[in-house]
Amino acid sequence: MTFPAPLTGVVPPVCTPLTPDGEVDVPSLLRLVDHLVEGGVHGLFLLGSTSEAAYLTDLQRMLVMEAVVGHLGGQLPVLAGAIDMTTPRVLDNVRGATAAGAQAVVVTAPFYTRTHPAEIARHYRRVAAVSSVPVIAYDIPVAVHTKLPAELILELAADGVLAGLKDSSGDLGAFRQVVTGARNLTETTGFSVLTGSELVVDAALALGADGAVPGLANVDPHGYVRLYRLCRSEDWDGARAEQDRLCALFGMVRVGDPARMGGSSSALGAFKAALRLRGVIDCPATAEPQIPLSAEEVERVGKYLAGAGLL
Amino acid sequence: MTFPAPLTGVVPPVCTPLTPDGEVDVPSLLRLVDHLVEGGVHGLFLLGSTSEAAYLTDLQRMLVMEAVVGHLGGQLPVLAGAIDMTTPRVLDNVRGATAAGAQAVVVTAPFYTRTHPAEIARHYRRVAAVSSVPVIAYDIPVAVHTKLPAELILELAADGVLAGLKDSSGDLGAFRQVVTGARNLTETTGFSVLTGSELVVDAALALGADGAVPGLANVDPHGYVRLYRLCRSEDWDGARAEQDRLCALFGMVRVGDPARMGGSSSALGAFKAALRLRGVIDCPATAEPQIPLSAEEVERVGKYLAGAGLL
Amino acid sequence: MTFPAPLTGVVPPVCTPLTPDGEVDVPSLLRLVDHLVEGGVHGLFLLGSTSEAAYLTDLQRMLVMEAVVGHLGGQLPVLAGAIDMTTPRVLDNVRGATAAGAQAVVVTAPFYTRTHPAEIARHYRRVAAVSSVPVIAYDIPVAVHTKLPAELILELAADGVLAGLKDSSGDLGAFRQVVTGARNLTETTGFSVLTGSELVVDAALALGADGAVPGLANVDPHGYVRLYRLCRSEDWDGARAEQDRLCALFGMVRVGDPARMGGSSSALGAFKAALRLRGVIDCPATAEPQIPLSAEEVERVGKYLAGAGLL
Amino acid sequence: MTFPAPLTGVVPPVCTPLTPDGEVDVPSLLRLVDHLVEGGVHGLFLLGSTSEAAYLTDLQRMLVMEAVVGHLGGQLPVLAGAIDMTTPRVLDNVRGATAAGAQAVVVTAPFYTRTHPAEIARHYRRVAAVSSVPVIAYDIPVAVHTKLPAELILELAADGVLAGLKDSSGDLGAFRQVVTGARNLTETTGFSVLTGSELVVDAALALGADGAVPGLANVDPHGYVRLYRLCRSEDWDGARAEQDRLCALFGMVRVGDPARMGGSSSALGAFKAALRLRGVIDCPATAEPQIPLSAEEVERVGKYLAGAGLL
């Protein structure tokens, strides 16, 4: 299958179900993939932040890729995160992911090191020069502590280095700058601008985004697909009502007590607890060293599901 | 050889010489190790930040370990960085490094993820529970964007989780809190408190540190060993003069134009240029996506060497 | 005049024209006010960040308030920033501004100090207890280095402490949480949710915001008023076209060379240069220690004006 | 009295005692001054961060200055913080403080605004051009979110703009760069390099600092003066023992529960509670919106005093 240019629609960053002892739970993972396909999503993003890629070993990353690609049989485009610190290590990830069937790779700015914009540009140019599949920039300052400048993304898009942007910066103004700047480019190169937000998908699509990569779509793929279709048909009132329902559902990411755990533990724990409660996966375990949700916190996740009509 | 408890003295974080095409230059690496041994250092720290561990692939990391451990033949204690994002990935690094002969592993707080202090504690406890060699905490907020609290380090030291601290935070006040708190512990458990600073080694040793892990000791191991001995013999005037000479030499890390490159490119580029100028390694290349120093910047590195009597 | 509850529409943060020697240029200020009134704006926000409140002395702040309030004669609601570090100093500002005729005050979280959320809540409660006019929270993390949590704002709104929010955080997802949470409250208390963005005003209004406080409305009040009306009449295509034009115009904030000046110098310098080029104010000077734009940079501001049909 | 060049010794940043309703408690303030003078300190720093300058109104700032200067009668040099956001507001503070008798002013980088190094330089040059007394740079990144580069300080020192540095950055390596760079300058211009640390005063003096400005010297001026003298007589073992005692005492700054209050509330609350327990001031109140220590937390302050032999 040819990778779509531009990629559009709802492309969930797929959670990675784990067994109680931290191994990839492949049967649950494939049930989750079926749940997403059945929900009508337009592609899958494996090994992203929501997939706990930062926690998965290299072997686990490969296992996830191979299991999902084999299971899908080319039904949907598959993107793979190549989450690592610098160019040589990212390239190892790119080679592994493409060998396992990824049709595009999603790459952040370097992290751990102290990075200059010129080095970020060099990073993407080197990765793209070696990669056999399209490279999509992953803007996630909360993780890598650098914001990708809109000007840099557009320069790399114009040069054919980048095939798209997955924006998890939360900054819709800067995102719009990329959308607008990419508009002419898109006619010729198919550059794809995707929001990673759960909360402003309607706004992002209204201002011209190609699609969305919301972690919460693991829990409610039907909702985000419905939202996407309402936006595409320019039913903005309907879209706003659906988005409002999903925003309320998203409140689940804050069930974890901040005095006891970090934001990743709370959000990823809530998504997995919800998937368990919905009967999609067997076990809500998150990877070490994340703190598990308490029984009472899981109960609150259930209330969010009930409130959104999902239980 | 038994790992010393506490580890003391000068333990350079060994640079990783590369060929022009980015492969590990093993002959240069072994000449660098000989240069350090000949300089009288008390241990070697492989695969740390100064070693460009964040840039080396897994295979390159293994190659470095095996080459150096084989070459050393047990002459000196070897510590290995296990630089990765979270517990499962760090554990993979720990297994690899210990299989290759590391006698201790050096582990940062989780990064990329949003981490809570309780998760940092859990991280170290899990790593130590699995590791077959001592675990040393690596406090490097500039890279991981979290400062390890002194109280947490002391708690983990008291519980036998941590065997030491390598402090690259630059905060000598917090470092002193660990030194003082570890003093009683040290009598029984041999907890080792090491500064990662190039600039205040005399001060750190005067207030009770066990040793130093200065990146600049790649360039001038004799100088740091001399400084260590002057401090141990309580010749504080002599120590200050030697430290002042080394501080002036350290100015080389700022030769790179900040409008053109990041701090890592400048500092690591300068260390490698200096090693090339001193005839220790063959090629000053740094890993991608770092920006190389210009000829004029390399010339300025030479002036720093000359100023310190090293050319 | 009664302060509207909720305040709605376009409420520009009014620039403070200065003479070449740094004094408030009152005739230019009043011409700017006339320009805004003529443009159809719904209120004026004096002494905010765009007003260079951080640079104005106490006397200059008073002079601005008195000149504008006297000139307006109650035509429009006037909000005043009370920009200072902590509660006692903010209260001094509140007293001054209300004595001079402010109908509401706009207050940030404490800054310079290391602040806990409980202290931010306490701050707003004390300020509101003393203030004789409504208090609007000013969320501007780029300046105060704290993000106001949506939950805190809603709690203070429910308790009648806050009358509104001016959001300059750039985080539209969090903003939406406040808009949605305030919806019921608004029916009874008139809580006003205003975006400080120049770039996503259409999106903010579409999701339920009451109005906008865009710095760029100094330069093109007619454009923002037109945008507001298009949104209110649910002409989303028209709104998007107008917003796109304003986004292009906003590019002027980046004319200043980042190697030579900070972001405040560039953005405030561009707004003032544009007002000078449009014939509204006499002198484009910004306050010390900001770096002035070069002649070539001012010329580029002119091109942005021409591109937007404003010259 | 001529301002000493360089200023040397222990120069406490004087706490500002408040009444229960938040007014300056002048009798307590003067008793605190007497306590410090009697302890042998070499100068007083009023209106710094430890003085809660960020919380004091302009009138309160003036009252503090006038009360202390009048009381001292020229016995000791008096420095005054001019803590405000930008040049024009700092200049107002400078004028007020010098009119009230300050013999030097202490000035931070601009804050609240987004500042470029070139603007920081311009800021200090303008302040010094207007000030009738020497200007000392105050490096406090935790408050202003900018670190003053050593190169910039030395450039401004060489140009006669700055008369000294008060370093509260915690970065002893960068501090040393200023000390070393200022050594030649000092012979001609008397540039004074002062550490704001409580914890590494011995180390700072050993490497050439001129003096210290430790907040904890409010509580134990005798201890810091003793420490200073031990360092000056090069009794490094004695100095280390005294510094260790003071480090243990400094633990009091962490008595406040971090789940309930910020770091400023805890540290300033502890200093004032200690002064109350030692009988120096009447009331331990801190300014709004700081959270007061609980009775149990105050009791723990008492234990720190007892442990240091001060009760």
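Order as written gives the chain letters A, B, C and D; numbering starts at 1 within each chain.
In the analysis below, a residue touches a chain if its C-beta (ideal position, glycine included) is under 8 Å from a C-beta of that chain, and two chains touch if they have at least 3 such contacts.
Computed from a predicted model, the values in this text were never measured in an experiment.
By the document's definition of touch, chain B and chain D have no common neighbour.
For chain A, the chain whose average C-alpha position is most distant is D.
In the contact between chain A and chain B, the residue numbers used by both copies make up over half of all numbers at that interface. If you average the CA atoms of chain A and of chain B, the two centres end up 35 Å from each other. Each chain gets one centre point, the mean of its Cα atoms, and the points for chain B and chain C are 49 Å apart. Multi-chain contact residues of chain C, defined as those touching 2 or more other chains: none present. If the chains shown are joined wherever they touch, the resulting network closes on itself as one ring, and no chain has more or fewer than two partners. Touching chain pairs in this entry, ordered by label, are A-B, A-C, B-D, C-D. If you check the complex, the residues on chain C that touch chain D are 22, 49, 54-58, 60, 83, 85-89, 92, 110-116, 118-120, 122-123, 126, 142-145, 258, 260-265, 287-291. The residues of chain C lying in touch with chain A in their complex are 170-174, 176-177, 180, 197-200, 202-203, 206-207, 234, 236, 240, 243-244, 247-248.
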